[in-house]
Amino acid sequence: MIKVGIYGATGYTGLELVRLLQRHPAATIAFATSTSQAGKTLRQVFPAAPALPLVAGENAPLEEVEVVFLCLPHAAAANTAMTALAAGRRVIDLSADFRLRDAGVYAQWYAHVHPFPELLGEAVYGLTEVFRSDLPEARLVANPGCYPTSVLLALRPLLLSDLVIDGPIIADSKSGVSGAGRTPTQTTHFVEVADNLSPYKVGRVHRHLPEMEQLIGRWRANAPRLIFSPHLLPVPRGILSTIYVTLAEDVTESDLRDHYHEHYDGEPFVEVLPPGELASLAHVTYTNRCVIGLTLVGRTLILTSAIDNLIKGAAGQAVQNLNVMVGCPETTGLL
Amino acid sequence: MIKVGIYGATGYTGLELVRLLQRHPAATIAFATSTSQAGKTLRQVFPAAPALPLVAGENAPLEEVEVVFLCLPHAAAANTAMTALAAGRRVIDLSADFRLRDAGVYAQWYAHVHPFPELLGEAVYGLTEVFRSDLPEARLVANPGCYPTSVLLALRPLLLSDLVIDGPIIADSKSGVSGAGRTPTQTTHFVEVADNLSPYKVGRVHRHLPEMEQLIGRWRANAPRLIFSPHLLPVPRGILSTIYVTLAEDVTESDLRDHYHEHYDGEPFVEVLPPGELASLAHVTYTNRCVIGLTLVGRTLILTSAIDNLIKGAAGQAVQNLNVMVGCPETTGLL
Amino acid sequence: MIKVGIYGATGYTGLELVRLLQRHPAATIAFATSTSQAGKTLRQVFPAAPALPLVAGENAPLEEVEVVFLCLPHAAAANTAMTALAAGRRVIDLSADFRLRDAGVYAQWYAHVHPFPELLGEAVYGLTEVFRSDLPEARLVANPGCYPTSVLLALRPLLLSDLVIDGPIIADSKSGVSGAGRTPTQTTHFVEVADNLSPYKVGRVHRHLPEMEQLIGRWRANAPRLIFSPHLLPVPRGILSTIYVTLAEDVTESDLRDHYHEHYDGEPFVEVLPPGELASLAHVTYTNRCVIGLTLVGRTLILTSAIDNLIKGAAGQAVQNLNVMVGCPETTGLL
Amino acid sequence: MIKVGIYGATGYTGLELVRLLQRHPAATIAFATSTSQAGKTLRQVFPAAPALPLVAGENAPLEEVEVVFLCLPHAAAANTAMTALAAGRRVIDLSADFRLRDAGVYAQWYAHVHPFPELLGEAVYGLTEVFRSDLPEARLVANPGCYPTSVLLALRPLLLSDLVIDGPIIADSKSGVSGAGRTPTQTTHFVEVADNLSPYKVGRVHRHLPEMEQLIGRWRANAPRLIFSPHLLPVPRGILSTIYVTLAEDVTESDLRDHYHEHYDGEPFVEVLPPGELASLAHVTYTNRCVIGLTLVGRTLILTSAIDNLIKGAAGQAVQNLNVMVGCPETTGLL
């Protein structure tokens, strides 16, 4: 049994992680922390949660665990990561603190100086399907953002192909409300969200943009730039990204489809949908799956990509990474 | 044209009132106040609102208006009411400050001493269908609570009959989330409400209980006590109350139904539903209507009563009261 | 490994059963049938389902399985049950065909003559917590209805006590839409359900009434009659029953609570909530749990009881019954 | 008073039209038809509708009215239009039968031969803001589709400018479920839609594509082609279109914005949103408004455009057209 600790168990991601780990046959939760709810049990915070005691972060028995998960706000995560690494623990960070490799880019998007820029180069970007081979040795894993997971898995085979892309890549993404976190705000009030649909931070201003472009740039030199338009959907969970890419040359949908199948056919959690089928939230909610639909219209490729933002977009992918890090079968606890 | 002012225009009730008054052919809004948003327009607060300037309460030009509506928190409402009355204005208060006639009961349920107990006897309880004749002379109207409107309109004909009731009256009520107000809380977070249904403050602990029992006691001496169980529904608006009353003697549904029709058949906003039809939110949302279904099963009468909590349960009934107060046709601006 | 077959896999209950059994470490699905979709896979019917082949019922290889689950319409279930029993298989029937012990009552509520009344006495009513000891030997299990599961688990300790009840028992129940089945109707159209709440068949006219009264009568002679009011909730899944019982004598909530704990404290899937906590859908959706809240107000007991209608109210309880029937730990595949 | 008739009053569009016309001070409904519900009242079909008698289409007293609205399926609409025109009535057709000017294109997309191709040239396309001057003389108005209304109003100022567009125009549209009509289908079942988001008919296969391209072609020769991706949203009503256009040259957002304001500033129902504000459903539901947001990111223009599909996208625009046709102020009954 691998003993793990969870920092920040009372957000939606933390709760989802607890649920997944409770079912996990090879992992056991040694502690769960909460700043605001220390002293209570998780059951007192969430009606459906197990009665896990919540301790303050500074009282967490780091020495008892092998791996810690960080479901903390930005900055707090970096500091806790450093503490855990210094104590010889391995870290899976679900915040954005170690996703960007360039401290300058981090400072620009997150409005504060990164406390440990020396760790940025070491952190493995935990898009499991892509960086799987780096995980067994990783001390520090930066679990990807929810939007980036849906967009990057859909784009990667295309970017690694030799097809030339014309004009910007457009990702029109729609996310359920749990992506906005559990802290109550006007924006997440039921009456403001229900019966509504709201785009926000469209274009090139959402913090997930540099994260996506960093990977896009790694997969293709001189890639076209990304236009990214998130929308707030009146559902609790799920992300659907509808992605538009115009190609500079003719290709058949069948060839493209073959190319995608080559990339993903062995993957337990990524499914390339059959011709004519488009991704929807119903394909993926409450699962660790990502489904990808391909539609080619002339030279415009329309990719539809769906994940559960709390699972494949956060806690599930974190467990998937844990499995690879510690040598369990990758699907353990996730089917 | 009757000039009116609105105190507290940036809650859900205030916004609904603005919408209704903007359509009202005989009323015009002279000012709208907001503590937190003064200096902005209402359009900057709500995407669908008109561009009404918001002023601080203390800067409201009371001298320009004939009637003021108070959509303020408890206690703040009483103070503003006194200021307006002292300036010779008429007041329609949508808070609970003048609904209870007994200052001791008020203190017990609202946890502070009523500042102007001398006004409690004067205030007309604005359940229009019942206290219509008191409105033309009223200086101060206490607009009923949303739950009480749905429950009291359904119970009144029964309580005024000579049918003996056995055991408690049970009101199982379900309300949309706008009833909880616009301030964001954990309870009203979209993710907590969606796909959920939560009873709360069941039995005899919700503040609307003494309001309902005060009226029940006025209509029938020694009435059985009320068990009132509110539930939070995953919808933005609407209240459905399912009410159970056991009678001590046999009666036919047809006789009961005739009795209800006698009470309500001339009413523009109350409809007794035909046999076999039960009240639902779809009957009433976005209207000022209350629909009432009757089902008699042996000696148990099941009343179903539905209103839109923001309209007949708040802003709509307030406008209905305004119409009667100033001598307009009662339905003006409400159809 | 226990091999099982599922008749009627393309309804919501069938799909849920497939999901649960796929995770079950000791059961394997040998076949799944569908009348309308035979020849397809379940994946072609539901985007998130596994690629299970669907065969016509008459082609199902009964000889390969030990137990069959029937997720069929009434009447079709009885016939298939007989076929399976005749072939020596054990049957868990999720329809209503074997829930009522009296063929006359069945005929009256289901409007056709029961084809095999001789089986009615043999069928074990599969409310696992209550009839657990009858399951290991059972050939035929009648899995309880969803509403009855929520109401009966809440009422049973009270009915088995010696507390005298005064007046009718009132169950005000609210169910998610999956309870109405997957066949599209006007009633289940998204636009009719969303933002709405509709009572239906209130009083003593819903088919689950005789099922509940049969058990109530078994637990207490001369029990008061049941008033049962179902409501259609705008959520996909979950049932909340708010139950009102007036007692003829004084008792303390604490004593009542002790009594409930005695009944349920060893149960893996039933939780008596702590004082002041009320049942909600969020306690139970996507689980096999039933949570029960108790509130005593004078002599009126308010029970709140919540289940997931597709799991504890159908497929989950069926798997719980399977576990007991075949000697697996009762929670296998259900945590 | 203008007397009007409504053919097909029992769909969502017909019901919305009844609601609007009942509030209209200058119009009165002389008849409403229904094929399936003739003999009932509209109140028996919809709980919130007025008690309007429903007659069979062939019994409608055409001679009593000046204008008829057709809320009929394709083909049925064309035949009824011809009957009404032959009787000297004016027609506002809410179906697609007269939207396309080319009978060949119609046959290709609607899979049957147009019965009256000679009328296609005469029909005025009822996008009121654009074809207002043709309405006073119009005998036959083709009310625009819901998606086209949201997309065309957003694109028109751009297309009429001299800015060169590079690559395809991409319209990623999201619609509430009432757009799919009231007939129950698997696709519109509450359980399939709730908590889901589904793209459908993406690219160039939805019937609204030729309608949009016809207008685009009228406004700009050699316009780039349109990629149109509709999505089914879990809300009852509203359409949001997020539109991406890449320009071949540099322009400032401020200049673009001025250009849009020039087009729309006098319009009562179209609002160009202030800088930084994006269109959402909350801006428009239950109104006849279209709001348009502009965001320029480098050379990519992101337009967000929102309407209520049943009002500005159908019944409301039909009333707006009626007002212009008969010489009423254009906003009559629509504020």
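Should a chain be cited, it is by its letter among A, B, C and D, assigned in written order, with residues numbered from 1 in that chain.
Note that in this section a residue touches a chain if its C-beta (ideal position, glycine included) is under 8 Å from a C-beta of that chain, and two chains touch if they have at least 3 such contacts.
Quantities reported herein were computed from a predicted structural model and do not represent experimental measurements.
A.B. asks: What's the minimum number of touch steps needed to get from subunit B to subunit C?
C.D. replies: Steps on the shortest route: 1.
A.B. asks: Let me check something: if the centre of a chain is the mean of its CA atoms, which chain is farthest from subunit D?
C.D. replies: Looking at centroid distances, C is the chain farthest away.
A.B. asks: More contacting C-beta pairs: A-B or B-D?
C.D. replies: Answer to which pair has more contacts is A-B.
A.B. asks: Just give me the whole-number Å value for how far the CA centre of subunit A lies from that of subunit B.
C.D. replies: Between these chains, centre-to-centre, one finds 46 Å.
A.B. asks: In angstrom, rounded to a whole number, how far apart do the mean CA points of subunit A and subunit D lie?
C.D. replies: 39
A.B. asks: When the C-alpha atoms of subunit B and subunit D are each averaged to a single point, how far apart are the two points in Å?
C.D. replies: 37
A.B. asks: Would you give the residues of subunit B that are in contact with at least 2 other chains, written as numbers and ranges?
C.D. replies: 192, 194-195, 234-237, 280, 282, 285
A.B. asks: Would you pull the subunit B residues touching subunit C in the complex into a rising list?
C.D. replies: Residues in contact with subunit C: 166-168, 170, 172, 174, 192, 194-200, 202-204, 225, 227, 229, 231, 233-238, 240, 242, 244, 246, 278-282, 285, 293, 295, 297-298, 300, 302, 304.
A.B. asks: Across the complex, what residues on subunit A touch subunit B?
C.D. replies: Listed in rising order, the residues are 12, 177-178, 182, 184-186, 188-195, 234-237.
A.B. asks: Name, in rising order, each residue of subunit D that touches subunit B in their complex.
C.D. replies: Those residues of subunit D that touch subunit B are 22-23, 46-48, 194-195, 277, 280, 282-287, 291, 335.
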